[in-house]
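In the two assemblies presented below, chain A is common to both, partnered first by chain B and then by chain C.
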Partner chain A sequence: MFSPAVLGQVFVDGIGLSAIYILIALGFTLLFGIMRVVNFAHGAFAMLGGYALYYLYGGLGLPYLIAAPAAALIVATVALVLERVVYRFFYQRMFQSMIGLLGLDMAIMYLAVIAWNAEERSVPPSTDALLHMGSLVFPAQKLIIAAIAAIALLAFYVFTHYSRYGLAMRAAAQDVDIAEAQGVNSTAIYRLAFFIAIFMAALAGGFYAQTYALSPFVGEPQLMIAFIVVILGGMGSIPGVALGGLLLGFANSFLGTFYGSATSIFVSFGAVILLLIFRPWGLLGVKEA
Partner chain B sequence: MSKPSTLDSTLPPRFASQPTAHAGTVRTPRRWLAHPAVVAVVIALLIALPFFAQDKFVLSVAVTTFITAIAACALHLIVRTGHVSLGHAAFMGIGAYVSAIATMNFGLPFPVAVCLAFLVPAALALVVGPILLRLTGKYFVLVTLLFGEIVRTAFVNWTDVTGGSTGISGVPAPSPFFSGAVPFYYLALGFAIVIIGIIGRLLASETGRVIDSIREGEALARCSGVPVLATKVAVFMLGCGIVGVAGALQAHFVRYIDPTSFALEQSLNLVVINVIGGMYTLIGPIVGTLFLVLLPEFLRGYVELQHVFFGIVLILVMAFFSGGIADAGALLKRIGAGRGGAR
Partner chain C sequence: MSSKTLKTIAMRALCAAALSGAAWAAHAQETMKIGVIASLSGGGTAWGLGLERGVQIAIDQLNAAGGLKLGGKTYQLKLIAYDDQYNAAQAKTAADRLVNRDQVKIIFGPVGSPGALGSLPVTQPARVLQFVDGYAPQILRNQWKGAYVFRINNSTQEFSEPIVKWLHKFAPNAKKIGMIAPNDATGQAGVPILADAYRKNGFTVWTDSYERGTKEFTPLLLRMMAQNVDVFDLNANAPGEAGLLIKQARQVGYKGIIIQSGGAGIDELIQIAGPLANGLLKYDVIDESLPRVKPFVAAYHQKYSGVMNGLAPVYYNAANILFEAMRRAGTTDNTQIRDQLEKMTGYDAPIFGKVVWTGEKDYGVNHQLLHTFVIKEVTNGKASVKAVITP
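So, the complex of A and B:
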């Protein structure tokens, strides 16, 4: 069963899954690292991203490479209203944010049920083409997803490391008070980080809806993914997200293919619990004082 | 080594910054709810209820309220130590499955099954507690969330014992006598009064003060000779055992159990009940239960809107007054005091 062809398939699946996982978790870790907010509503925004893609690509028939970013852009822009109305009350208040944003998650999820009812829909794949590489056959869609995710991640890296706003963002993540004393406008930085985080989540939500299915309840598994990836890598650590996403993506692809999805859940959750016990700050995180 | 308590920043400012002279007056709004006379009247009304309302719907809503109140108060016990568990329904589910399997497969009588439903979750809590309770704050929340998912996955996949996702149907009534609606009402009421009474007594005792001291200042409590971890584990075991009993009652009341009744949503409900009602007093989860069980039962037509409504309430409570509804009086006073300029 461990033939090269199957292993190759597992590898390709792993890349596709990792790309989605990293995108989801990156926004989650950003919100945690900068605003100290545990965004329990992260999955809800990903779900909204799925619906936005459903209408723009499946409904209006826009070209995929425009529809995918546009869908995420719409969700992130609308979410800015929530930033004003809800999120700003929870900045730097970790415990309250968990429970309060659970409430937001619940509200968004059931508003979605009211708006779109609970039935499952499917978002059409970006392309039906199959790629042949030696004995390997896989859908080109997976590569497109991975490519868009890679571009988004690269843009994010360049932004945080080579622009003034990125520098301000990193400064605010380290110490808000000192950053403010140096003239960083933390309100604007928070809004920017929030926008980026929701954009990534919505983008990932679109990919997720294409890979699996779309319903108001798909937010929950995506929230779990964000949790696991972020805990694996270390809360607030951006390289940690990349490592955690790759680990979880490949582990899920491998275990899911050979041992079934239940085993895959047991192993990944169990590993995360063990990690939390012995190294709660994650593989690449920094131990808190 | 100073581990910050989960709840430290959620404390209402009156604990920290208000002059102590205010403390006595601010506490009164919820004191009257716990006054022995009020409690006695409420219990008397509950005992009298079946004489006025023979309606099966009313009685079954009441039983659901009692069971949920037991479960929420069990979680309250753990919350008081400064740990918010997002996997409490898992222990409730274990209690339900243990009791159902004990009565159906092994033919044990109901009292023995309930004892098992207490002991098995408590034993599991004894095993995992010393490990989980070392974590604080967000890490504890996350790890219990994952723990709950693992237990749920076990319920779904351990088909030989748990019946998989179809669950177990035909769970027997506690005894032929208790199969009627009114007798079961009194059974559940009895359990609720005794268990909540024990929890209330415990929290009011010296042990309760030890628990509060662990939440408010763990390092200081340790320095004062409090066996912090042992106390936490003991409270965790008790909370998990009690919620197991609640699960057993639910299994024998609904006569049917399946994994979805003990999934994340139920865990969330228990947390929501505690948060909405108020986390620092035992009245909190009871008020929260009334809010969360009774309101939906009487507004059945609008299930989705209820969830939206609860979500918004949750945001408002967490953003503006973390004392919960039971503390609304205190909040009003604080606003009044704020207007007068005496902050």
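So, the complex of A and C:
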């Protein structure tokens, strides 16, 4: 039945899933951690990242190493307009942001339907190669995503703990009034955090579109993934994203394989419900006073 | 005012009235709304767009030829389409809007059993003529005795046995079949029929299901691989899901045969799975290289860009059968049109040729279109016809 080869493949799949989940959730947790914004439009920016990559890489044929960051950069830059006219009014307003940004998510999604219609498209993967190690098969594309997820996590951690701007972000996250009194320009810091968060969402959206498919509706599952991961790990916690992503990725892979997809979904959401009841600040989050 | 002047004015007024009357008659074309319920979002989008575009091209051609002449009136047809998101609840809402708000009498779609079964309780009591493509037997075998609904494409009941027999000859050493299907009316209705056909021909069958909207199938595929299946049958999975299943199966090292017994259109699958689609065997409804299909393919690419789904010619075919039945009935009365449709056997339809209605034995009503189908094989990213099968 479940041979060592299949078990090994389950583990490999768990790594691949975790990497995608971590990348999707990073930007989501950053916005919450710094500005207390629950960005329900996160999936919409990921979807736009997928379309940007579709045109730059699939359409114009730019080299992948240029197309992937350029696509995310374009989406993040354009999104700065929304930062000025929408997001700025929701900073530090968690509940208002949920409803307001849900509306923004719908608006972006259906604008995408008008612009590109609902047809599912395929974004070519950066590589089709399959690496074989004994009886195990590693899709090279997923290994690339795993490497980028690891680098992004490390870069995030170093940036927020050791860079001047990262420290300013953390200071603003803890108490914006005191941070401003110390000379931190909270408007600029918020803008920077927003830019990084959308850049990460769009980058993850590009990977998601390459791994699965692209349509105006692909943002919804990504938003759901981001939400589960950050609730598991703790809203606003970067190590929490790593833990949440790994837990969800491996749980989906193992439970889905051994007990079927319905059990996997049931357990994932069951864990979220239990966590919200008994430890609402997540596994690595900080309990609010 | 003299009597001569009055006479002149009266004559001029009469002439003007006559001229304007003639002009009015020349433009006395009424608009007939034709409804479409299609999956225009989600994994079934390719099918939905195929449906909508096939009907639209048939309508465009009819309107360009002067419209539909019925009982002394000429109708210009206008298509109204709503998205059912490939689910029953949305299909019912769409049917409600079309029947009660837009007052349509004819609906094409939905594609897929969930939508078809969801819409019937609205359309059938209202005697709305409906042309569906879902595989559940209950679409025709139902409480309304399938009176105003026609299935315009082969269903699992018609194609499963011939495909299984063909596969048995093609891969005589294959013994075990794996199937992963959506956990909805499509999967629940189609998989047992297909599984029965496999068992009757000596195969053993393993099945599992997933919730619609799933994108990551690797755990399910690993579960299937642990069963050592020889053939992975994609059954009636929508193109979006079928493409991902092929891609992810090959990515986790599945090396057996992959076949899809059901679902129209192969190009979307190739687009999603890329080079990993090579070797795929797939049921399809038409051979695009046939002379009778080529004009439609040209008309399609003149109007639309991108990949053409196989349901576009299927629905183009159905729309043309309907238009001919309406001409023969010479009325907009749905019961009379339905009666004419039932008598259309032998009519040379543009895509599938001579119309054959069947279904009395399996569904209690001869509202099932039976047509020749093909098995295609993907080689070097291109699909070619490997077998032509007449059920």
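Annotations
The rule is simple: the second predicted complex is superposed on the first by the 287 of 289 C-alpha atoms of A that agree within 3 Å, B and C clash if a C-alpha of one lies under 4 Å from a C-alpha of the other, contacts with A are read in each partner's own complex, and residues count from 1 in each chain.
Definition applied: a residue touches a chain if its C-beta (ideal position, glycine included) is under 8 Å from a C-beta of that chain, and two chains touch if they have at least 3 such contacts.
Source: prediction; values computed, not measured.
Shared-chain residue A:Ala213: touches chain C; no touch with chain B.
Contacts of A:Val286 after superposition on the shared chain: neither chain B nor chain C is touched. By the document's definition of touching, of the two partners only chain C reaches A:Pro125; chain B does not.
In the superposed model, A:Thr257 lies in contact with chain C only, and not with chain B. Of the two partner chains, chain C is the only one touched by A:Gln9; chain B is not.
Judged by the touch definition given at the top, the superposed model places A:Val113 against both chain B and chain C.
Shared-chain residue A:Ala147: touches no atom of chain B or chain C.
In the superposition on chain A, contact of A:Phe269 is made with chain B only, not with chain C.
Using the contact criterion defined above for the overlaid structures, shared-chain residue A:Val158 touches neither chain B nor chain C, since it reaches no partner. In the superposition on chain A, the residues of chain A contacting both chain B and chain C are 113, 262, 265. Those residues of chain A that touch chain C in the shared complex are 1-3, 5-6, 9-10, 13, 16-17, 113, 117-122, 124-125, 128, 130, 135-137, 139, 142, 212-213, 215-217, 221, 252-258, 260-262, 264-265. The residues of chain A lying in touch with chain B in their complex are 38, 86, 89-90, 93-111, 113-114, 220, 224, 227-228, 231, 235, 262, 265-266, 269-270, 272-273, 276-277, 280. Those residues of chain C that touch chain A in the shared complex are 40-43, 45-46, 48-49, 83, 183, 208-211, 213-216, 218-220, 222-223, 225-227, 239-240, 243-244, 250-253, 268, 271-272, 274-276, 306. Partner chain A is touched in their complex by these residues of chain B: 6-7, 9-10, 84, 131-132, 134-135, 137-139, 141-143, 145-147, 149-150, 153, 156-157, 264, 268, 271-272, 275, 304-305, 307-308, 310-315, 317-320, 322.
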